[in-house]
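Below are structures written as structure tokens.
Two complexes, one shared chain (subunit A), two partners (subunit B, subunit C).
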Partner chain A sequence: MSIEIANLHKRFGQHTILENLNLKVETGQLVALLGPSGSGKTTILRIIAGLEQADAGTVILNGRDTTQDPLDKRRVGFVFQHYALFRHMTIFENVAFGLQVRPRAQRPSKKDISDRVRELLSLVQLDWVADRYPHQLSGGQRQRVALARALAVEPEVLLLDEPFGALDAKVRAELRRWLRKLHDDTGITSLFVTHDQEEALEVADRIAVLHQGRLEQEGTPEEVYEHPANPFVFHFLGDVNLFHGRVHQGQAELAGVSLPAPGHEGAENAPAVAFVRPHDVELSREPEPGALVAEITSIHSFGPLARVQLRDHQAERDLEAALPLERLRALRLTLGEVVFVTPRQAKVFLDQPTEATGTWGI
Partner chain B sequence: MSAASVREPFWVRLLLTLVALAFLAVALVAPLVAVFHQALKDGLALYFASFKDPNAWAAIRLSLVAAAVAVALNTIFGLAAAWLLARFRFRGKGFLTTLLDIPFVVSPVVAGLIFVLLFGAQGWFGPWLDAHDIRIVFALPGIILATTFVSLPFVAREILPTLQAQGTEEEEAARMLGASSLRTFWRVTLPNIRWALFSGIVLCTARALGEFGAVSVVSGHIRGETNTLPLHVEILYNEYQFTAAFACASLLTLTALVTLLLKSLLEWRIRAAARRALEIPS
Partner chain C sequence: MSRSSSSRSPGFGISLGITISYLSLMVALPLAALGAKTFSLSWRVFWETVTSPRVLASYRISFGAAFAAAVVNAVLGLLVAWVLVRYPFPGKRLVDAVIDLPFALPTAVAGISLTKLYAPEGWFGHLLPFKVAYTPLGISIALLFIGLPFVVRTLQPVLEELGTELEEAAATLGASRWQTLRRVVFPELGPALLTGFALAFARGIGEYGSVVFISGNMPMRTEITPLLIITKLEQYEYAQATAIAVVMLLISFVLLLGINLLQRRISRKVNHGS
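Here is the complex of A and B:
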């Protein structure tokens, strides 16, 4: 059951929320809509669901144009950030709701509804809370109930709006692994909205990166992370060191650093910007050709990677390096020490307005 | 900061408490006691005899009919108005919200006069109504109109904050699960606002039963026909039938006390529901 949106436009007053947006989600995939707040990702979800109307464009669910369909006819499951459980109903009644409101002819018998609800509640591992009320459950439990409720009506696609946004870090991490497993078990085509790049990278089959109502890039987590299409995507997917400079015949000159800039062999002294991931920054005590000189301003050594903040006094910029803990210990770096910094590789973008529209098929 | 450090000195607290209590005693408790004392001072037999008068019965019936119709109308109006104000954004919304409060700020006498001006014999629609033999002023329709007007805001005002606090997510969830909008209203919206709705209906009923000014202007004071209970009390009082007057007054007072009791029970329910809804999810 695929989802396809074409040429979607949405304005609110003077403000453009979505601009000529195209996206296709193939059957059985779990796709993340990733972007900062205000990028229009939730609006896309709400338009697909029918909770909002686009100014122009079409929504095609499973090959059928549903743009004008009433929202209760779209066979779309929706999971809200704040769960939106019916507070005056028990958990059982919440999950049963979608089956109970069906027209009499299509409504399952009481026993069938009961069996289905029990089955779904055990799928989300919450069969023991059937008789409780939503306010008696934790946030993580509530969201699992919301998911069971959405699945009860056997939707063709599942839309999740920041499903873990209101949960604390530990529960978030648990639930997203659990969501991935649930998706693998049920195989339902799913689109979920998040502003958390780690969540998108970890859970999704494919990621669509949004920025100011436009699709910046679409691809597998690996593609998006390793081969970002433009500076925004690079910047948004993880921490970066930023260098301004020029590119000349495939070589970038960045205020004291010279690095190869593959793909820009034709550039003639063009202004450019280069991004270097912290784990691509090498630290050393020995002077090396082309190294920068910087002072260590802080060291955070929790987790598998240690993070070192540095200050390049000459160029007046801050740098960040990430290195394995063993390497940090071996180097015996201390605060205030002056070390040599070598960027191993950089992603170079010419200073041009980036065009990021068009169709990306998934 | 500890609680003690923000506390006023003892004498300030004592003084404020005494002022409040004294005010309550003079303005609320004493009149309440007086009503029942006057009504019952000549014995229970005379008290109950006051209600045997057919005019008293007619007044009670008329008050109940007028209140029932006004409350029904205002419940429908209140639900529609609150829903409109809570769920939609449109030009003139602020104006409409203000308009809703007009019955609170307009003197009831003025409200009554407006209806006389519109529907009275010399009024705008007077000749037309006369020609079609429809009586509004000095008849039941006028009394219902006046009662509806003065008790108009209660239901809408009580529901509106609850409806706004609730947000639209639960309704959207119901729609996404395949429920029609009507079904969503009955199964999701209404249960969520039910205590506020009851509370509004209780207040509206109390106001409708007790209304004097506006009804007094449009009723014409025809005994046994267009006298509501409050008007009947006034007539009895003016005729020096104190026991009967206070007996009828005690009925009105009793409805007020029941209203208060119901209201505090309902507020307790509304607060409990709001607390549950606000519980921070972990």
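Here is the complex of A and C:
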């Protein structure tokens, strides 16, 4: 079951929510809609589900135009950020709801409903809570129940709106791995909304990056991370060091640093902006050709990568480097020390209106 | 209360003390006086007073009309609250303010206006094929007016808090509009609806000012209990008046207690956590 949306437009009064949006989700894929708040990602999900109407454009589910279909004809499962479980029903009743409200002719027998609910609850590893009420479960458990409830009606597409947004960091990480596994087991075409790039990169087969109602880039996590289409995507998918400068015949001159700028061989002294990921920043005690000189302002050494903040007094800019803990220990860096900074590689974008994507401040 | 538990909620001792004293002074003491006055009657006279056909008829009318009005108010009040919370429309603020007017208006004024409207020769009255004023129906209409804000104001905040997400969830699961209302919305609203109903009902039982004008006060047919009590007072039969009042109070108390217990049973499921 594939999802295809074409030329979607949506406005609220003067405010444009979605502008000429096109997106295709292939059968069996798990796709993340990634973007900052207000980028229109939830609106897309709600339009696909039929909870909202687009001003223009079409939604095609499995080759069938469902733009005008009522909710129950779409066969779409929806998981809400705040679970939206029915508080006065037990977990069993919650999961059974979608089956029990079917017209009598299509409604499974009591026993079939019961079997199906038990099966789904064990799929989400919660078969032992069937007789409890939602308020007796933790947030993570509630969201798993919500997922089981959505799956009960055998949807052809699963839509998840910030499914882990209301959970704490540890449960989030657990649950997203679990969601990935569940998706691999069930194979149901899924689209989930998130503003957390780490979540999108870790879980999704493909990522669609949204910004101000427009699709900025769509591709595998590797593609969008390694080959961002524009400055916004680069910026949004992780921490960056930003350099302003010029590009001349494939070489970027960035206020004291000279780096190759592949893809811009034809550029003649064009203004450009270059992004360098912190883990592409090399620190050293030895002076190197083309290195910047900067003072260490802070060192955070938790996790597998240590983060070092630096201040380049000459160019008056802050830099960030990420390096493995062993490397940090070997260098024995200290606060206030002056070191040499070398960007190993940069992603260079020309400062041209054709390539820039309008405003993209974060 | 042990010291450790009182230290956990600061001010427990003093706030409980004030609560008890205040309730004793404002509620229990007048009620006790009512009981004490009643005890000046012999058991036989008491029983004769409260079971005389005219008094029994007044109980039926008072409780019956109040119950009917509260039921109708629960249904229509829910509708009004729903519209006020869910839909934007011009003049919404104004309508919202109007809801409270029955609280503020002197009840006698409401009673006289309603009588003017519904009397056989009144604006509405002469259009209707049946009599409204001077019948039990007229009493219920006065109580509808008085009770509506109780239901609306109880439901409004609950509806606002409920939001639309549960309904959307039900809709994505294939429930029809009616199934969503019946299986999701009404159960969530149950406790608040019951509270609103109980408040409107209680107010209706004791209502005097607006009813006496429209009811016509015919013994056995449209005479409400509060009026009967006033009548007894005017005849200097104080003990009989309090006797009727005590019985009315007892019935009300039992009914309200029942509603409260029922409400607690429902809300135990719904109102824990979210």
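Simple rule for what comes next: the second predicted complex is superposed on the first by the 353 of 362 C-alpha atoms of A that agree within 3 Å, B and C clash if a C-alpha of one lies under 4 Å from a C-alpha of the other, contacts with A are read in each partner's own complex, and residues count from 1 in each chain.
In this section, a residue touches a chain if its C-beta (ideal position, glycine included) is under 8 Å from a C-beta of that chain, and two chains touch if they have at least 3 such contacts.
Here the structure is a predicted model, which means the values were calculated and not measured.
> Put the two structures on top of each other at subunit A: do subunit B and subunit C fit, or clash?
After superposition on subunit A, which the two structures share, subunit B runs into subunit C.
> With both complexes overlaid on chain A, does A:R285 touch subunit B (first), subunit C (second), both or neither?
Neither partner.
> On the A-aligned overlay, A:K110 touches which partner chain: subunit B = first, subunit C = second, or both, or neither?
The answer is neither, since A:K110 touches no partner chain.
> Does subunit A have more residues touched by subunit B or by subunit C?
B
> Identify the partner contact of A:H227: answer first if only subunit B is touched, second if only subunit C is, both if each is, neither if none is.
neither
> Answer with first, second, both or neither: which of subunit B and subunit C does A:H244 touch in the superposed model?
Touch status of A:H244: no partner.
> Once the structures are superposed on A, label A:V153 by its partner contacts, choosing first (subunit B), second (subunit C), both or neither.
both
> Give me the intersection of subunit A's contacts with subunit B and its contacts with subunit C, in residue numbers.
Touching subunit B and subunit C on subunit A: residues 49, 51, 71-72, 76-78, 80, 82, 84-88, 97-98, 101-102, 133, 135, 149-150, 152-153.
> Inside the complex, what are the residues of subunit B that reach subunit A?
169-170, 172-180, 183, 187-188, 191-192, 273, 276-277, 279, 281-282
> Which subunit C residues qualify as touching subunit A in the complex?
165-166, 168-176, 179, 183-184, 187-188, 190, 269-274
> Taking the complex as given, what residues does subunit A use to touch subunit C?
49-51, 71-72, 76-78, 80, 82, 84-88, 97-98, 101-102, 133-136, 149-150, 152-153
> Going by the contact rule at the top, pick out the subunit A residues touching subunit B in the complex.
Residue positions touching the partner: 49, 51, 71-72, 76-78, 80, 82-88, 97-98, 101-102, 133, 135, 138-140, 142, 146, 149-150, 152-153, 166-168, 171.
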